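A quick write-up on the structure given underneath.
For clarity, chains are labelled A, B, C and D in written order, and residue numbers in each chain start from 1.
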């Protein structure tokens, strides 16, 4: 072994290319084996973690739910049950209570915040026609300021009963809007966090856009969701 | 999954969350190559080009890996692609501008271990960008990297004449400048919304 | 470039050989700041005085120790440059800021903004703004809580949380008031122009009396202490950028004159962007520099998340100054540009 | 090589202090700045990097006589990428939250110059035992550096140590410390401090001479 460090010299005749290829192939084989082995071993645990994480978020925004079922929105505006959680299609999570009755629907939404994209999940109660919970899944808002959208109890209280009543034509009667702290007079208004108006506004905009788009689809397909609940608890459980 | 506009993606990577000053990608060349303005511009251009190429390939590879159900090969394939892309650029530069090739010297092969490039590929995957979004992202990242590098080089060139205290010379002062720049770039927050 | 009587402002950054001239310039700036300082005392009373005192201590003491240790012949305390940094820094602070934060910011301004680069003449960024940017990032809430303006009748009233215990959260639930730019951004309310001119709005200590700052600027420009092209270029650029945006979306962007007199633009354009150390050397560079500041200010104010962008705009253009100097190099008389550049390189 | 007569313990100690990868060699800056906004992140990143370092040094040293010189860098990168992938899946299995907060920076261990550097400069020329000790030392030194940043940034920026409040509820956090700017400043300040120590030591030596 030469002890002087030097750049690789391309045309050195000592080693045949067959040996180089063999070495690389051997290392590749070993690498592949190791990676696949780890992947196979950890996959079930990781999947379980992900499921739990998602479930925890769903049950947080739908406090009455005990089981959930995943639906995807098809391109023609229908809801179909799915078991493939990796699908790229927009997803809708229906939450059911112990009796298999639909108690709400959790929806994911994302949009631009102050620093980067904010992604959140919110719970919608189709019978009250209101948002009943909201949890920020990912955000990079300024710590201690914009990041209060995740933790500030007063701000989160806005989402316990946020009116999103929909007309039969599928339009939201009062789109969600942001007001200053202490200025909330209607159920469809969100009170901003003092000093973090931008992040509060971002959450408001994300929710408004998402509700305007998703809620009509959900209401149209409400029966599918209602019926699936009973079916799940009886058959597959 | 994502509905971010192309302008937002571009501005985000270039200014708001500048690849170097806010996402901390490509710090090594940022501190290493940024001493001279003359080398920093071609370096930025080379990195931008490699970013663009690797972003395209990474997008394709990711689709292929998803199709065959082998996401665990992602990292290895990305790094191989990047290494090849760098080799390609190196040959290209050597052929068309031997002067530049000599100027960039050992920094060209080092682009392989520039985390900005691998970072770009990984971030665009985890953000779920589509093909066009990925292109916008890679260009924004490249512009952001070049911008940070060139600004830093300009400042450091003028500092050569100044009377910096002994203990602050070198990396320490570069880090302090980077910190101030990072604060200045915070002014772009919220842009493009 | 024409040969002229040497003008102090246009010398390149190492100031060593012209120490006395620096002192003359710096004291002129201090005199020009006096009316602004008095106005802020009028509007914010004892709080303004306290913040300025704390800032002066925070800036001057390290400066003094540094120049003593280094044995600089004329120290930067006596030539007034430390005082300029301290006052400018204090004038960017909200009146209700805890004094300990002002002290921290002043230390950062002088240590990180100036001394680490080797002191006066070498700093690439405006030190006062480095201090303020640090505070803005470190304590965003305190830096965006504005006390209402007052007059001599409530002179002795302590604003906001001046006396908060160091390192602890301020407990005072003080009365606050939105700045004109914040009102525009978040509530879509426009402040009257006369209020902006006379300073009867909320804002940082030196943000209020626009007309006084303008007069101070005219004085400094006449005494040739500052380069008049910088403020004029900034005003023009702000006006034009705002005009275009106003025409594009009239509902979002108010009359361009509002942008000229609102916020910290006056203070920044007259006192901070004009810092000869951190602005370009050549006249052409100066125009690029000031146009960039004006453009960035309006872009950040209109499209950004923050209501005000003067500080960021100046810091960003400070960062670009070495590049502008490279691009906007004038040919030395009788030489073509390329030769001139080579000659300069060889010389340095 | 001047390390011929050194013991394994010396290989370990030099990485920790005299040849500290971050403070002395100024390598691996990206993760040092990016993930040190909390103590936990710093520790996890340190351990993950040490794991990859040890594994790659072990295998590089094991195969050092088999790998032809021409393809050695490619082989090293492949070995490193393998163990980074392994580390990534393990972290995901242990805690999804940690994996989320470290994000792509786990994968980016691949391009951490420290690892390739040690493989090339040390493991390819030394015995397995020494190489592993070297990796452990460098890993420990790296973790130590990450922690020096992580502790300061979390304490000042959040008032906590590994999530536990230290200064009580009334503490006003210095938000900048968890922001990118703070990372640069804290690392810069540490470098200033180490430069100061070095300068003082040199002065003392001069006095003695």
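Note that in this section contacts are C-beta pairs under 8 Å (C-beta built on N, C-alpha and C of every residue); 3 or more make two chains touch, one makes a residue touch a chain.
It should be emphasised that the depicted structure is a prediction, and the values quoted were computed from it without experimental measurement.
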#### Entry: Chain pair, A-C or C-D, that carries the greater number of C-beta contacts
C-D
### Task
Name the chain with the Cα centroid closest to the overall protein Cα centroid.
B
### Length of the line joining the C-alpha centres of chain A and chain C, rounded to whole Å
44
### Query
Whole-Å distance, chain C centre to chain D centre, using C-alpha means?
40
### Query
What whole-Å value do you get for the distance between chain B and chain C if each is reduced to the mean of its CA atoms?
32
### Message
Multi-chain contacts only, two chains or more: what residues does chain A have there?
### Response
31, 35, 38-39, 114, 142, 144-145, 198
### Message
Going by the contact rule already set, what residues in chain C reach two or more other chains?
### Response
112, 134, 137, 140, 305
### Task
List, in ascending order, every residue of chain D touching at least 2 other chains.
74, 78, 81-82, 85, 89, 175-176, 179, 181-182, 185
### Message
Quick check of your reading of the touch definition: is the inter-chain graph here a line, ring, star, complete or other?
### Response
complete
### Task
Write out the stretch or stretches of chain D touching chain B in their complex.
26-27, 29-31, 33-34, 74, 77-78, 81-82, 84-85, 88-89, 103-104, 107-108, 110-113, 116, 176, 179-185, 187-188, 191-192, 195-196, 199
### Interface residues, chain C side, partner chain D - complex
112, 134, 137-140, 142, 164, 167-171
### Query
What does chain B use to touch chain C in their complex?
37, 150-151, 154-155, 157-159, 161-165, 168, 173, 176-177, 179-181, 183-193
### Task
Going by the contact rule at the top, pick out the chain D residues touching chain A in the complex.
1, 63-75, 78-79, 81-83, 85-86, 89-90, 92-93, 95-96, 100, 120-121, 124-125, 157-158, 173, 175, 178-179
## Note on the structure
Note: in the complex, chain C contacts chain B through residues 13-14, 112-113, 115-119, 121-122, 124-125, 130, 133-134, 136-137, 296, 299-300, 303-306, 309, 311-313, 315-316, 318-323, 325-326, 348
